[in-house]
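Attaching a single structure in structure tokens format; questions to follow.
We call the chains A, B, C and D, going by the order they appear; numbering starts again at 1 in every chain.
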Amino acid sequence: MRYLPLTDHDRRAMLDRIGAGSVDDLFCDVPAETLADAPFDALPEHATEMAVERDLSALATRNRAAGSGPCFLGAGAYRHHVPATVDHLIQRGEFLTAYTPYQPEVSQGTLQTLFEFQTQVALITGMEVANASMYDAATGVAEAAAMASRVTRRKRVLVAGGVHPHYAETTASFLRYTDIKVEVLDPDPVGIADLIGRVNEGHACVVVQNPDFFGRLSDLSALASECHAQGALLVVAVAEPVSLGLVKPPGEMGADIVVGEGHAIGSSLNFGGPGVGLFATRKKFVRHMPGRLAGETEDQDGRRGWVLTLSTREQHIRREKATSNICTNSGLVALAWTIHMSLLGEAGFSRLARLNHGKAVELVGLLEGVSGLEVVTPTFFNEVLVRLPGHDAAAVVETLAGKGILAGVPLSRFWPTFPELADGLLVCATETTEREDMEALARALTEALA
Amino acid sequence: IEEPLIFEQGHPDKTGVDLPDPPDLPDRLGGLARTGPIGLSGLSEPEVVRHYTRLSQKNYAIDAGFYPLGSCTMKHNPRLNERMARLPGFADLHPFQPQSTVQGALAVMHRLSEWLLGLTGMEAVALSPAAGAHGELCGMQAIRAALDARGAGDRRVVLVPDSAHGTNPATAALCGFKVRGVPGDDRGRVDLAAFREALDDQVAGVMLTNPNTCGLFENDIMALATAVHEAGAYFYLDGANFNALVGRVKIADLGVDAMHINLHKTFSTPHGGGGPGAGPTVLSPALAPFAPLPHVVAEADGGYRLIERVEGDMQPFGRMKGFHGQFGVFVRALSYLMSMGADGLRQASGDAVLNANYLLARLSETLTPSFEGPCMHEALFDDRFLKGTGVSTLDFAKAMIDEGVHPMTMYFPLVVHGAMLMEPTETESRDSLDAFCDAVLALADKARSGDAAFFTEAPRHTPRRRLDETRAARHPVLRWEPPEPAKAAE
Amino acid sequence: MRYLPLTDHDRRAMLDRIGAGSVDDLFCDVPAETLADAPFDALPEHATEMAVERDLSALATRNRAAGSGPCFLGAGAYRHHVPATVDHLIQRGEFLTAYTPYQPEVSQGTLQTLFEFQTQVALITGMEVANASMYDAATGVAEAAAMASRVTRRKRVLVAGGVHPHYAETTASFLRYTDIKVEVLDPDPVGIADLIGRVNEGHACVVVQNPDFFGRLSDLSALASECHAQGALLVVAVAEPVSLGLVKPPGEMGADIVVGEGHAIGSSLNFGGPGVGLFATRKKFVRHMPGRLAGETEDQDGRRGWVLTLSTREQHIRREKATSNICTNSGLVALAWTIHMSLLGEAGFSRLARLNHGKAVELVGLLEGVSGLEVVTPTFFNEVLVRLPGHDAAAVVETLAGKGILAGVPLSRFWPTFPELADGLLVCATETTEREDMEALARALTEALA
Amino acid sequence: IEEPLIFEQGHPDKTGVDLPDPPDLPDRLGGLARTGPIGLSGLSEPEVVRHYTRLSQKNYAIDAGFYPLGSCTMKHNPRLNERMARLPGFADLHPFQPQSTVQGALAVMHRLSEWLLGLTGMEAVALSPAAGAHGELCGMQAIRAALDARGAGDRRVVLVPDSAHGTNPATAALCGFKVRGVPGDDRGRVDLAAFREALDDQVAGVMLTNPNTCGLFENDIMALATAVHEAGAYFYLDGANFNALVGRVKIADLGVDAMHINLHKTFSTPHGGGGPGAGPTVLSPALAPFAPLPHVVAEADGGYRLIERVEGDMQPFGRMKGFHGQFGVFVRALSYLMSMGADGLRQASGDAVLNANYLLARLSETLTPSFEGPCMHEALFDDRFLKGTGVSTLDFAKAMIDEGVHPMTMYFPLVVHGAMLMEPTETESRDSLDAFCDAVLALADKARSGDAAFFTEAPRHTPRRRLDETRAARHPVLRWEPPEPAKAAE
């Protein structure tokens, strides 16, 4: 076995040194009846690298890569172009095969990048501080709701109808067995206006998304004011972080906690995982925050350096009183995010955002010319909801997939029991969307709707 | 070489990414455009490459040396797995593509499930948990759901041994449980009598690690499991130490109801400086109906289907995260499992245990093992051998760094004074272990010969020497801020 | 431009420091008439990474990857499976982006791997010493011929008919304007027996290949004896280094210089380049050797270390008296070779060779059952010459390519003017060849020859 | 950390590559099977990864820092190029596939040719030379062929300035030419009068570098070229320094007959610790007919054809290497050329020259420039500033290593005493140059303040300190040998 360095000769010599007769003797504490001789016959024997590569490559070709044709899928997972540099750097063994930086003297590389990550997240969200990553945005929203409850000592959470259904479900599920009650509103493609009237002094927080799941951009300032007037926090989810290069950040609109999904920057789609949860808040709430934090300090020679800090919030110190049970997070995905953000920089990030928006405006312009199709979302970043009245959007998507076009995400995938959403389709454009892709989509939709 | 922060370099006008001009069209932002700069810097591509290359060079890693962190299973990360995960047919897949276009991906998830069930003998597996602690949450929520379903929702106590990982009590708390501690005995195991004592009709379940965090197999485990079940509670096993048993023992045979599997430990996907991991959770027949969504099922026609909504009589307790789990990690783990095979995994757990016992045997020359052997896949020592030397476990660890090896896990488990927990894994060679033992034994001799300053001043040869953690926590500086004059000038 | 770190502000400030008005002023020594303003209009402007990736990926898909179907091509380029580890390691910036190790104190990594490379080459060829690589085997053979002339002070070189035509042509071309005369014998698929009678005391060396271009293995011992009796050197080319894991090495058969093509170990095919020339000889000839050499020494603290050595042979010291003009060689390909060889090790390398031979025996067995096909090569490693009497082998290859099978290399590609070779086809099997590939070939050939 | 040789580790029974069992068939080796072991060791995959990771950590590289080697053009190597070269449609192509199956690869070669011809204004390009020196050989052999073709084959003298790269005279010798030196003038250029003097009817050609190895443009180049051609000889330009001119000057306009282009310098393919490079050679109309095989031509139908044998009236002097040239390098260079574009290349040469002049300006504070400026893309200093300090150029260079920067090229060109030749390239930032200048100026001050031992003892912080090169050359140890007792035991 290529991964195992011991030879039989080594094993023999080591057993001699230990004073054991065989490796099996070392398992003497294991109940003998559970150590059956060959209980794993159903599983394959080891395979060569060639064989594994052949086998898995064959499985990979049973998938259609999103980039192999026009692709308009979004709904929380955005296909961006990642410079080759990013993947090259994260594959350096010193990053890839390091552990969580518990020994700071030999982990300054990871620690400094986490500090840079925290800073970048804080900057683009317009918040004061950010942590060193959550698993993804869905779990981040759940943790944000729990944190809001800790901060406010209240037990009710209101989740708006424009929040990604996976975030909402994850939050409800996460808090299901706590004393916090989560109210998830029905899907709402047209905005957050009526939310303001629903907030009351029982709420720990209101969770909204911007742009929301249906693509719509909203000014959250009034909602924030109302939340604060009621003593509640405003939690804002951002599924498409590239939007923050162009859109007014939640921090400027009064958000108390911002949660984002970062995989779109630095990583491939990977069928949706792993992601990286961005998590930012106000400085005054930092000790209520979940997750790891890198902080600046000095070494004994007075040189600036970084350590994991405020770990008294965390499970390995605080045990059942911890702010969260999170331990392993999304370090490498966060690193990829940081490197991609560093490559973009101020100018590149802004430009990427403008390009995405421009492409979406261009796409919407084309779609508005498709008869039988109605663009629902009035203001947007790079994704909109369209309706195909009289058609099942999922069926249209299947039809177009047969023609090599991944047309969008039908709402029925999330709300099969809401017949009024069956004609709804989320359509997204990014910098990878070419004019000819858009024209192909418009043509194919025109045909399908005719 | 000092490396400034990325924000202290470059200029906002520069960029390392060329992009085409945006289409010249009126915006549709509804007046919500950002005003003013974000505050990022800007660097060209060569500058970014150099910055992160230099930072990486300040890290220790398993690629560069032995990393004997107990409870962390820092084994070799094969590059084949990385290559497989980057095949465009896996990496460039959108989670909401029509299922007809992602049959290969669903096959990967199904195959991985079959491996995990085959290795554990369990009934079902929830693939979606994102890491070990998340898998604990999955298992404990399944227990809550099962209790609720049978009308025993008022059971709110979870037994957790004193030597448990911190995630265990934190997870229990997240599920609305109260934690009741269970003491260990002088053999480093759970005290069976005390355990039985602690079981009552308030107990929802127990969270146990086995092999436990002292590196020992809980040899009363069958009795423990029986007692748990007789008490009407469920048995959660923390899978962090599965590497000692994989390919040898089926977890189901130990009476386990739920266990998470750290793909990033046992199945060699890289830890990445802190993740991503994946914590699929295997479930007994009693808990299987409550597995969270999504599920992947094989269809009669040879295809696969992803179930994202409740169907039939399934009673999922909910959803754990966005999309369908840590797919990129699944591919890596499957690649590893296929490479090792059942025979290779059995050899691996054997070698892991052999390596740990070899460390135990060699280091016991001078170091003080906490319990009698044999150990399983990790060896635990305490600080008795340092008594009177003025050298603490921490000092000793920092001196190890100067010898070019990463320290073991320190001060955990808490039940042992000044604990040193060493997990070599099966991917260390005998030469590597010997070099480590030679270095540690030489340091131990040095400590006992009275050269305390050598230790308290260590490390000396690292990019940074000991860092002031108190200062970091007292006056938290958690992000870069632009220098004041620059702020004023803006 | 993403690769350029200077901003206009930098440029201005730097010009001020220099005391120049503009960058153009710095080009004041260049004749103004050659500095026309825009003489490069025909060339494209810069392109984004996305655009370059799209464009080149489209070109790549206009090629059929050899591994996308059954492939039996050899003729000097052998398709082996390279573990993912190899490419990962050679992409580490510290290897990939280092210069030739002229400053040994900060180049011990490259130097030690070259020393390991030299040792591995010497071991598998059965020779005493090896250099740190040539460009490829073809240029290596040419340099070997020149070196033999230096050693023997003779001016005639005899190249056997079994030597790869590219090696022979490169050698003739390389020496064309020197006082060394190269005689290349006609292609000879049946052996080297008659060579012995041709060697005389005018020859600096005889160049043979083993297995030869037509796949045939020969015992070179008698030829070596005769060469030595005549005062000539025996130069042995090895186009398939994997053969050395199973076949008696040239060093044991009396070779004086062994030249090999190393790309088959550690590298992809890359359409034939870059390769890596292996070059090994006897210790007593080392000062006549071309190319770079890493040697062991000590540093001022007495620790073992490595340096480039015997550079008085080389052009940068010796100028027109140098043993060769080579400077840049194949460092990174040599590194890949060394890592792959280290992964294989004694057991793996032997097994790989046995597997290749076994696959070829299996293939030949199948082909022997194809009517109308004649296997020419009696003893072989992993490649044989077959004849398709009455058929143009190139046409058959085209036909099979149309069916997705890369059947082999027709001899007419090298010797279009030798009608007697028009039915000759080189067919090769390696560890990547599956039983079903072989069966597909046999079926398709049976059809094509029917 | 000491890292033993691979042969000093492991065991012959181990392997890092799993392979299936060979088919069980009688061999067809004709009795030529190897007997006895080869002598290789054997290591598992994790051991090999660690070995080469550790070795790599002993290297300096452009990814990690400034690498101002004059004449070497150590610029940033974009990773996009690496990704493109690894596309299966490029990497997994056999050189002898039917041409119908490799049209994309031929298109790459053709496109690269068009770029090189467009940038130089030359008539033809031979892609196949494997490196710079190989390109020189190509150009000089083309000159021999052209002379032969016009019946002037008895011209056997090549003029080479004293400041030339060592490859130039070595190449000339390989083509059967005799080298006649040409002195430089006190402006660091070829002495025009002496040059004209040296031209006679024995002269086949001249090999010139421009900008020359003093970093200066040969401002008499038009006169030199005219004189060469009037003498019936050919003008070979060493393209090592093309980075100063690319996108600004067409080489053809300078009267050049042949020039090689180092793709691994000017067009940013990585140097790889010593290669592979590629040295395509552009040719004037006078030399174009003699370009070596193979050629790639565009067909009327939009396809491409690889010509491997003489066709029509072509008169190739032969073939330079196996297969079709350094294809993997071509893909990288084309990716770079497309990324930069004509505008980016022009900016790059401008920035390269600006950076060098900035070094020249800043370092001239203390160091002694050899000639009056402005320079082109590299700055040349001599050791006058070290006079009387007891510090040599070598010592100075070794002290630079301890400051974390790679030394410049030393003792070259030979025409300057204790030369220090610095080439920053366009991919260094101003911050990087400033840090370098600060370090060098501080060292210069230190040297002049009398602390010679600081320099003669340098480097101190490297994996090895100064190595005994004399010992290495006197008693060459060029390979590992098994230890004697082991040998005896076998």
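Assume contacts are C-beta pairs under 8 Å (C-beta built on N, C-alpha and C of every residue); 3 or more make two chains touch, one makes a residue touch a chain.
Chain-to-protein mapping (UniProt): A, C = Probable glycine dehydrogenase (decarboxylating) subunit 1.
Quantities reported herein were computed from a predicted structural model and do not represent experimental measurements.
Peer 1: Report which interface contains more C-beta contacts, comparing B-C against C-D.
Peer 2: C-D
Peer 1: Which whole number of Å gives the spacing of the CA centres of chain B and chain D?
Peer 2: It comes to 47 Å between the two C-alpha centres.
Peer 1: So how far apart, in whole Å, are chain A and chain D when each is placed at the average of its C-alpha atoms?
Peer 2: Measuring from centre to centre gives 46 Å for this pair.
Peer 1: Can you compute the centre-to-centre distance for chain C and chain D, using the mean CA position of each chain? Integer Å is fine.
Peer 2: The separation of the two C-alpha centroids amounts to 19 Å.
Peer 1: Would you mind listing the residues of chain A that make contact with two or more other chains?
Peer 2: 1-5, 10, 46-47, 49-51, 53, 83-85, 87-88, 91-93, 343, 431
Peer 1: Give me the residues of chain B that touch two or more other chains.
Peer 2: Correct list: 10, 13-20, 43-47, 49, 53, 57, 61, 63-64, 76, 78-80, 82-83, 339, 427-429, 432.
Peer 1: Report the topology of the inter-chain touch graph, choosing from line, ring, star, complete and other.
Peer 2: Basically all the chains touch each other, so complete.
Peer 1: Hey, which residues of chain A end up touching chain D in the complex?
Peer 2: It comes out as residues 1-5, 7-10, 46-51, 83-85, 87-88, 93.
Peer 1: Flag every residue of chain C that touches chain A in the complex, lowest number first.
Peer 2: 2, 49-50, 53, 81, 83-84, 88, 91-93, 343, 431-432
Peer 1: Touching residues of chain D toward chain A in the complex: what are they?
Peer 2: Going by the criterion above, the answer is residues 10-11, 13-20, 43-47, 49, 53, 78-80, 82-83.
Peer 1: Would you mind writing out the residues of chain D in touch with chain B in their complex?
Peer 2: It is residues 1, 9-10, 18, 44-47, 49-50, 53-54, 57, 61, 63-65, 75-76, 78-79, 339, 404, 427-429, 431-432 of chain D that touch chain B.
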